[in-house]
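Once you scroll down, you'll see the structures, which are given as structure tokens.
Each of the next two complexes has chain A plus one more chain, namely chain B in the first and chain C in the second.
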Partner chain A sequence: MTFLHDYIYYIGAFGLIFIGLFIMLVKHNLIKVIIGLSILETGVNLFLIAVGYISKGTAPIFSNSAVESERMVDPVPQALVLTAIVIGVAVLALALSLAIRLYHHYGVLDLRKIKEQRW
Partner chain B sequence: MKSIISLILLSVIALGIAISLDKIPFGVPKTKIGDYYIDKGREETGAANIVTSVVVNYRCFDTLGEVTILFIAAIGLGAVLATRRKKEKREIEPASLVLYAGCRFLFPLILLFGAYISIHGHLTPGGGFQGGVVVASAFLLAYLGCRGRRVSETGIKTVESLGGLVFIVVGLVGLAVGGHYFLSNFLSKGELNSLFSAGVIPIIYIAIGLKVGSELTGVIDHLVEESE
Partner chain C sequence: MVSPVLLIVVPLGLAFAIPLFGFISKRIVKYIPIAAFAFNLAVALLLIPEVLKHPIVVRIGGFPPPFGINLVAGPVGVLFSVLIAVAGLLVAIYALTYIKEGSKEKYHMLYLLLLTGATGVVLTGDIFNLFVFFEILCISSYALVAYIGDRAGIESAIKYLIQGAVGSSFLLIGIGLLYGLFGTLNMADLAQHIESASPISVFVPMVLIITGLGIEAAIFPLNAWLPDAHSSAPSSISAILSGIAIEVGLYAVVRVIFTIFGVSSIFMFLVFLGILTLLIGEMCAFSQKNIKRMLAYSSIGQIGLIVFAMAMATSLAVTGGLFQLVSHTLGKSLLFLAVGYMIYRSGSMEISSLEGMGKRMPLTSLAFTIGAFSIVGLPPFVGFPSKFLIVQAALAKEAVLFTGLIGLVLLGTVIEGAYFFRVVQALYFKKGNGDSERNEAPVTGLIPMFIFVTLIIVIGIYPKLLTDVLNSAASEFLNRIDYIRSVIG
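For the complex of A and B:
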């Protein structure tokens, strides 16, 4: 039980990553593939945050002068994830716009049916 | 069949990851640079929020690259969607009175909240990226609630270019005045935990807020235009 307690964030993060990868490998609908990409990205972000966590740590913000700097979580992964979230939004929007263009061109979102058209 | 192969592949990957994660214990400090930022960040940058001081002061050049990626993605979305010219303008059913009035009431408040988050990035959780997204959500509300209203494309482009220009100009002035590197913090650090502190950090975060807000508004504008 202590294993589960210690590693619950890692397990959750990689659970999300594998759910996303599985969706991307198995599903044929383009929108579902993009949803899988988004879930995968969420898992990666959660994993990076979990790596930077320090036991009983607070957010690295000195708004309250009573806060001591001994127990603060690592700010570097948080800054990294701040970057990754914004880029994730941009990638998601670009992928959705490509899906819209494909749908206008072929009339379907199923990747197998698009393949049959030999483009 | 395909899903069984995928499951086997994923379980092999999961096994490898589990073995390597065994060496990374949860909840212990792992990097030395994080401790350095927490100890010295307040004196060196004047910002109370250490994450902000990493993003906009120590690693500001990376942030410039990130803003560029966002810019390129927004441009790419415009290029992908804009090839199909609109033929005829369809008649849009106007929103009901309650929806319209509520939307007009909420729109300035959300804009104000986004501006607050952008400006207070060095004191509280938040910053230009988050504030920009909040501003874009206000425009999304306007598109959904007050049907038929449009943001002018020239205005979006102007604000976006202005944000990028302020970022670069502040960086170049820092190179000329402050120190020997691009984007150095040349203004006075001020008093910790006050609004006018932390040198160039609030200026850069306001510029980022304008840029991100206008870019995401442009993305929403393109997607709404495509759906009509």
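For the complex of A and C:
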């Protein structure tokens, strides 16, 4: 059980990543594919946080001498995740607005019926 | 002394200032990209002599590497910046009259952001910063592919977006794993530490990062989005996507393999991937009836050739690969620009509807012909010295395998010649149905085309103009120790 206890965040993160990828590969509805993309991105963000996390850690404030440096959580992955969340929001917003336009053109969101572009 | 930061800051600032300029006057908006890239071109050209002596490392915020984010303007970065500025400037001139419909402010803003992202990718020395600039490039190109808003454009934009977003997620997971292993994001610092780690633990992030970047670079199994996106975007955007966006993706792949990981065992795999990409791209291009799809598949073929050359990893081959990259940017941008107005006049993308264009649009047809000959690699044009260098490099390997592979490359070139000459024949030697009145592209369309033509011919006749930059760029890729030393000090 210690394995599960030590790596629970990684297991959760990669679980979300694989669930997202699975949805994107299997589902035919464009909205569901976009939901899968969102889950995938959430999993990636959770993974980045898990990389820098220490169990029972606190914020890295060096002026507060009560906290030893071993207990401090690495702040860099959190800064990365902030950036990644913003990028994810932009991608999702663009994807959803394109889905609306696609629906105007075709009247369906089923990807099996939308394939005018071929090799 | 000019600072390389200006190459990123000025276009980025102007991009976000475009809506403000739009309040003052709707007519000045379209001149802003021209101003931005004229400035960038001047700065990048001024940087060249300095950079050839010693790469410039800019510490943003004054933190010494590996702590802050740093920009590395080495020969590679400046070569790409010049290329991006040249293509950006000329295509911006072309767009003055070409972009007629839709919201022009949005077009020009996204256009500036796309090329700012590209410049950022080639200049940055921090792998997470590379991801951020890459996302700027990708998101603006998704939006620009859908700019016209017709069925084909929206469909290919959503296809491109979904594949690109999965690729970016892979890239981010790879970066996260690298950070978890080494606790740093600086590319030089990563390169320094990578040898101390076990090969297996480095292998997973490497595969994830190469897959993520390979989607944008359209290396063979990952290129399904490219023909759709490049053929349904407006022609000015196709020129930038084909000429700049995939090249920047390829730069990122090469940078990651050569500088960060420095693994030689993957090169043979990439050689075969390059050959496969080349042959599949060329054969698909041969069977196309739609001219823009044909050019898009031809881009895949050229990317395969560049991957092949880079993966041979000798100094001659990398120089050849970079040269081929320059000649592809010039040639393919020119072809898309010329085709843009031909499609506009004939109203159809079918190759058969271009018959007789040689009489209707003689100058545009001439520009197309020169671009096509350069991509195929005929002598007075820039495509010839670059392909010649790659062949020479493969033969210098003195291995039976590479001699055989270069035979396949030449087979690809023959197929390339076949489909390009078919179009040129349709332009000049077939009678078009319909009006044969002379109806040339407007002057703002012809000026950038003929600047491209001049560059293609001048560099084709004097390839020595680029030799210094290309040689030192190739040695920047191959000597990772020098790169690490120049950044960390």
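The definition used in the following text is that the second predicted complex is superposed on the first by the 104 of 119 C-alpha atoms of A that agree within 3 Å, B and C clash if a C-alpha of one lies under 4 Å from a C-alpha of the other, contacts with A are read in each partner's own complex, and residues count from 1 in each chain.
One rule holds for everything that comes next: a contact is a pair of C-beta atoms (placed from the backbone, for glycine too) under 8 Å apart; a residue touches a chain by one contact, two chains touch by 3 or more.
Quantities reported herein were computed from a predicted structural model and do not represent experimental measurements.
Peer 1: On the A-aligned overlay, A:40 touches which partner chain: chain B = first, chain C = second, or both, or neither?
Peer 2: second
Peer 1: So, does A:113 touch the first partner chain B, the second partner chain C, both, or neither?
Peer 2: A:113 contacts neither chain B nor chain C.
Peer 1: Contact-wise, after the overlay, does A:82 reach chain B, chain C, both or neither (first, second, both, neither)?
Peer 2: Touch status of A:82: first partner only.
Peer 1: Who touches more of chain A, chain B or chain C?
Peer 2: Looking at chain A, the partner in contact with more of its residues is B.
Peer 1: Tell me which partner A:71 touches in the superposition: chain B (first), chain C (second), both or neither.
Peer 2: neither
Peer 1: Using the superposition on chain A described above, determine whether A:102 touches chain B (first), chain C (second), both, or neither.
Peer 2: Touch status of A:102: second partner only.
Peer 1: Where on chain A do chain B and chain C both make contact?
Peer 2: Residues common to the chain A contacts of chain C and of chain B are 21, 51, 74, 76, 83, 87, 90-91, 94, 98, 101, listed in rising order.
Peer 1: In the complex formed with chain A, which residues of chain C make contact?
Peer 2: Residues of chain C touching chain A: 128, 132, 135, 139, 142-143, 146, 149-152, 154-159, 161-162, 165-166, 168-169, 172-173, 175-176, 179-180, 183, 185, 227-228, 232, 284.
Peer 1: Under the definition above, what is the set of chain A residues touching chain C in their complex?
Peer 2: Going through chain A, the ones touching chain C are 17, 21, 24, 30, 33-34, 37, 40-41, 44, 47-48, 51, 74, 76-77, 80, 83-84, 87, 90-91, 94-95, 98-99, 101-102, 105-106, 114, 116-117, 119.
Peer 1: Which residues, counting only chain A, touch chain B once they are in their complex?
Peer 2: Within the complex, chain A contacts chain B at residues 6-7, 9-10, 14, 18, 21-22, 25-26, 50-55, 59-63, 65, 69, 72, 74-76, 78-79, 82-83, 85-87, 89-91, 93-94, 96-98, 100-101, 104.
Peer 1: Touching chain A in the complex: which residues of chain B?
Peer 2: Within the complex, chain B contacts chain A at residues 2-3, 6-7, 9-10, 13-14, 17, 21, 24-31, 33-34, 37-39, 41-42, 48-51, 54-55, 59, 62-63, 66, 69-70, 73-74, 76-77, 80-81, 83-84, 123-125, 127, 129, 133, 192-193, 212, 216, 219, 222-223, 226.
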